[in-house]
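Structures incoming, each one as structure tokens.
Look at the two complexes coming up: chain A is in both, with chain B in one and chain C in the other.
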Partner chain A sequence: MANVKGSSVCRTAVDEGKPADWVPGGEKQTVVDPMEMFHKLPREKLFITGSEAARESMRRANIDIAIAYPITPQSESMQQAGYLYDEGYIKEYYRGEEEIGTFSAISGASRAGVRALTATSGPGLMRGMEAISSWPGARTPIIMLNMCRVINTPLAIQPDNIEMSFLLNTGILLLHAENQQDFYDYPLAAIMASEQVDVTLPAVVSVDGFFCTHARGPVEVTPEEFKLPPRDGWRSAVPAMDNENPPARISRDAPIQKSNFISYHMHASWQQEVFAAVERSAKYFDKYLGGLIEVVNPDAEDFIIASGCAVSQAREAVRQEGEQGRTVGLVKVKSIRPFPTEQIFEAVKGAKRILVPEFNQAGWLHKELCAVLYGRCKAVIKDGPRVFGGMTMPTEMIMEWLAEFRKEVK
Partner chain B sequence: MLIQDNLLLTRSNPSGQGGTQFLYRVKDYGLAALTGPQEEISMIHWEVEVIKFTTPETAGFEVCHSTELADKTLKFYTDKSLNEFLQKAFQYFEELDLLEKMLPQES
Partner chain C sequence: MSLETLRPSPAFASVLPIEYVDLVEHGPYTNRSGDGSKQTVKVTDMGKFKEVIEEHPMCAGCAMTLFIRLAYIGMPNPEHTIVVGTAGCGRLAISQASVPFIYGNYGDTNAVASGLKRGLEIRFPNQKKDVVVMAGDGGLIDIGFQGLMHSWFRKEKFTTIMLDNEVYGNTGGQESGMTNHGKVLKMAPRGKFGDKIDALGLAKVAGVDYIARLAPTNPARVARTVRRAIMVAREVGHSYIQAYTSCNIEYSIPTPDVMKDAFEIEKERYGFEEIVSPEAKAYLDEVEKKPKTKKTD
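Entry: the complex of A and B
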């Protein structure tokens, strides 16, 4: 790897135009305990875009290899990753041929036992789904940044997070960042959770493109001289693969490829274990993120449950409702997989009305909530407002929906 | 980063188009500074309105284009230039408040 001092591979730092005594930025950093990084180190407040927040997160993530194919609005973050490669914070980085190639290559890198990062947006995610859906079963703790955008026709490059619904049942860990701060914090937490030996799964951190990636917001970052511990490839649910001596028999003659009762049992037990591992990751996210949900005004009768950018709009609606003397609760869902069923139930068990605003046509969060709260929660759960295709969700819209909801459900 | 003096509220863009809004308040006047998403980082800027608050208790306001400070939406391309403007605007709002109090009040 070009950015590893003393590497035996062909390319060296000198080949890339660096002075002979150049030391990669990553080698000047000190490894720090993840809990120390997440909760104890001092933080400096910056005012930066979501793409820049992703860069600062990657700088501290001790990434061995990044592979990506550009697509709006992801391109800017991976351009920033290029700067990190140049500075020596990412050891290897290249542009894949397209998304299927990119996501297949990153899987190979992760199987080899290194920390691997990729990123995409909307249609790129859709193109790569064949490879992506194989990651959890392969037990590859890849980190993927997903800057959401429209995928359906008429096509647009505006924010819309319907693509997240395609990841819900893959066995991937899935976080949804509200703002630039989350897009700094969540990838670091996701990396550490995904690499735990009882998890060993890929993790996706989604963010609503443009609204966060291309706009500035306050972000508190830890000192750049500290980084996460490296990945221990051997410390996984499945061993890292020796890519120079690959176990060819696995792909040539796997029992799983035979249509018989053994293959069915193998597939079933393997998938059960994948989804059990998703649930086991909850305890790590809980301590890294300070909870899988955030609750505002827990004693309210009216609640808004939201994830991503919709949380920011709901937060302001809650503030303005408060100015007018009405208490509205808010549940921010940080983790979509694992889904924090019990925590949400506990938060809204006294609620009378629950509103679920979303930036997508499908209303996937509303469906998730209905599925897990059905028969357990007395509140009426209303889907809306839902905007998509890049449409905006003004605070007034949420407040109008709340007013209507109060008339409908006395 | 913008200065924190007289900062009343930092919130996501309430119009829902992404970005962050800073609300500053000095007496009944203030400034709403909004930075929204742009295609390129280099295009990011501030759009600033002089505002007049409608109540003492809440953050409700109306855009005010009738002061000597500005009769239109202002644009700033750096935090430094906006911070300089903010400092001068705060002084202006203090003086404006004094002058308005000197005028005969309508009964």
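Entry: the complex of A and C
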């Protein structure tokens, strides 16, 4: 492979025009403990777009292979991955044929035991869904960046995170970045969590397209001479498909399509284990992200619970409410899968009103919250405001909804 | 996998299943010379060594099963081979071989194999790992068409073997892109509308380095063709084998006549054909001459 020294089989970096003494960027970096990277290394503040934040994250992520397929608003990030390949921070890179091919290929790469990255947006995610939904069952650690965009008709390229609702029940780890900073931090945390032996699952880091990907924001990054430890292909819940294990007449990817109880049981227990692994990942995210949720004004009666860009809008609404003498609490949900049920319950158990603003039509976060808080929390949980199709969510809108809510629920 | 990985610790030898012991002591791995270009076991030795695939739930008299067994015998280094497949009859046998098998989604074989091969190259830069796609005509030419074509155009360094039974056997006998014109099958109640897709022609256009068409009439040739295809994929580029592996159930071929049918179809329209690029030819000439040179030394 192009950026792999010693490989005699495929093309080399020299074949692709690099000088013979070229040293890939990745080889100049030093491996650092993830906790050191996440919490201790000094940080430099940059003012960059979300796509550039993704690039800086990838630069430090020790990625072996990135497979790209363009779609707005994701394209810019995977182009950046291409530049990182050219600089030698990623060992292998190519453009796939389309999303089914790309997401199938990335699962092949993960099965080989290497760290694999891809990215997509709305319709691309839907196109590749058959492949994506098979990743967890195949126990393939993969990192996918997901720059959310409208799906469905009429076709649009605008931000809208309804596509995340399609990932909720796949067994994939799912984080929702609020801003450019999160889009730098979360992929690194997601990679490390997904590759833990008791997890061994793919992870998706979603971010609201354009609002974050194409807008600049402050991002504090660690020095680029440090990178995460590499993926260890031997350390995994299932063996890599590398034929480095004693042979057995049972395949890791065994077809279990027989119509008998053993087949049913095999599938059921395998799925149970996938979803148990999702829960087991919580302790790693807790450590890496400093908690699965962030709570502002914990003693408030009125709470806003949000994820993604809606958090930023809610933060500003909370600030303006404060200026007017009203204390409003905020729960930022960083991790959608695993869903931090107990943490959210603890945070809002004294609340009277909970407002759930979202950038999608379906209100999937509201439904999630209702499902887990039902019968446990006395607060009324109101779904809205909801904007979609590319609409923005002015803070005034959130404040109007809060005012209305106070009238409805005394 | 080092061949040492196969050998059990003496402490465990007494509790190992006889199947495994046979594989270790009499399998296709053990008596090799170390030169991957040579087959360690010969087709003519069938019955005298432990095959990596023996038990399978395929239909009685299935020609595809014979082909699959021969293909595994042809693998130059089964201990460093990973097979990728998709839904279809073939995987029922392939998944029971003692060679890792990736059973992916519908028609994703050539995309999965692309990522897998590149990933293995990164992890094992000094150990050649052979990736072989073995899938049916429907899995490759219909639902897997896009992935198939792009892997060819990208010259991905793995081998594609099409088990062409000219029908969707596993789903119960529907016509496929590889079914002949006019053939009445399920979903073609008035006969197949189009012609059999010229997959060999497409492979030529895509610049596949080693292309072969054959029927399983000559077992030694099947093994040799598979070995050549895998060797080309290691060093030169993509290789493609299209094998006639009749479906005796859907085509109502009496079980005792399966091989008779194979000979007839071979004579009629499935004759052995090899299309080898100049680079692949030069490479094959080199590796296939090696043993002779050694002998004369």
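Convention: the second predicted complex is superposed on the first by the 397 of 410 C-alpha atoms of A that agree within 3 Å, B and C clash if a C-alpha of one lies under 4 Å from a C-alpha of the other, contacts with A are read in each partner's own complex, and residues count from 1 in each chain.
Following the convention adopted for this analysis, a contact is a pair of C-beta atoms (placed from the backbone, for glycine too) under 8 Å apart; a residue touches a chain by one contact, two chains touch by 3 or more.
Note that the coordinates shown come from a computational prediction; the quantities given were computed from them, not determined experimentally.
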Partner touching more residues of chain A, whether chain B or chain C: C
Partner chain(s) touched by A:D242 [first = chain B, second = chain C, both, neither]: second
First, second, both or neither for A:A109, with chain B first and chain C second: second
Touching partner for A:N169 - first (chain B), second (chain C), both, neither: neither
First, second, both or neither for A:F211, with chain B first and chain C second: first
First (chain B), second (chain C), both or neither touched by A:E323: first
First, second, both or neither for A:R315, with chain B first and chain C second: first
First (chain B), second (chain C), both or neither touched by A:S269: neither
Chain A residues contacted in one complex by chain B, in the other by chain C: none
Of chain B, residues touching chain A in the complex: 1-2, 10-12, 14-20, 35-41, 44, 57-60, 79
Of chain A, residues touching chain C in the complex: 1, 4-10, 64-65, 67, 91-92, 94, 96-98, 100-102, 104-114, 116, 130-131, 134, 233, 240-255
Residues of chain A that touch chain B when the two form their complex: 45-47, 49, 51-52, 76, 159, 179, 208, 210-218, 309, 312-313, 315-316, 319, 323, 387, 392-397
Touching residues (chain side chain C, partner chain A) in the complex: 1, 5-6, 8, 19, 23, 52, 55, 79-82, 84, 87, 91-92, 95-106, 108, 111-126, 128-129, 146-147, 149-150, 154, 157, 234-235
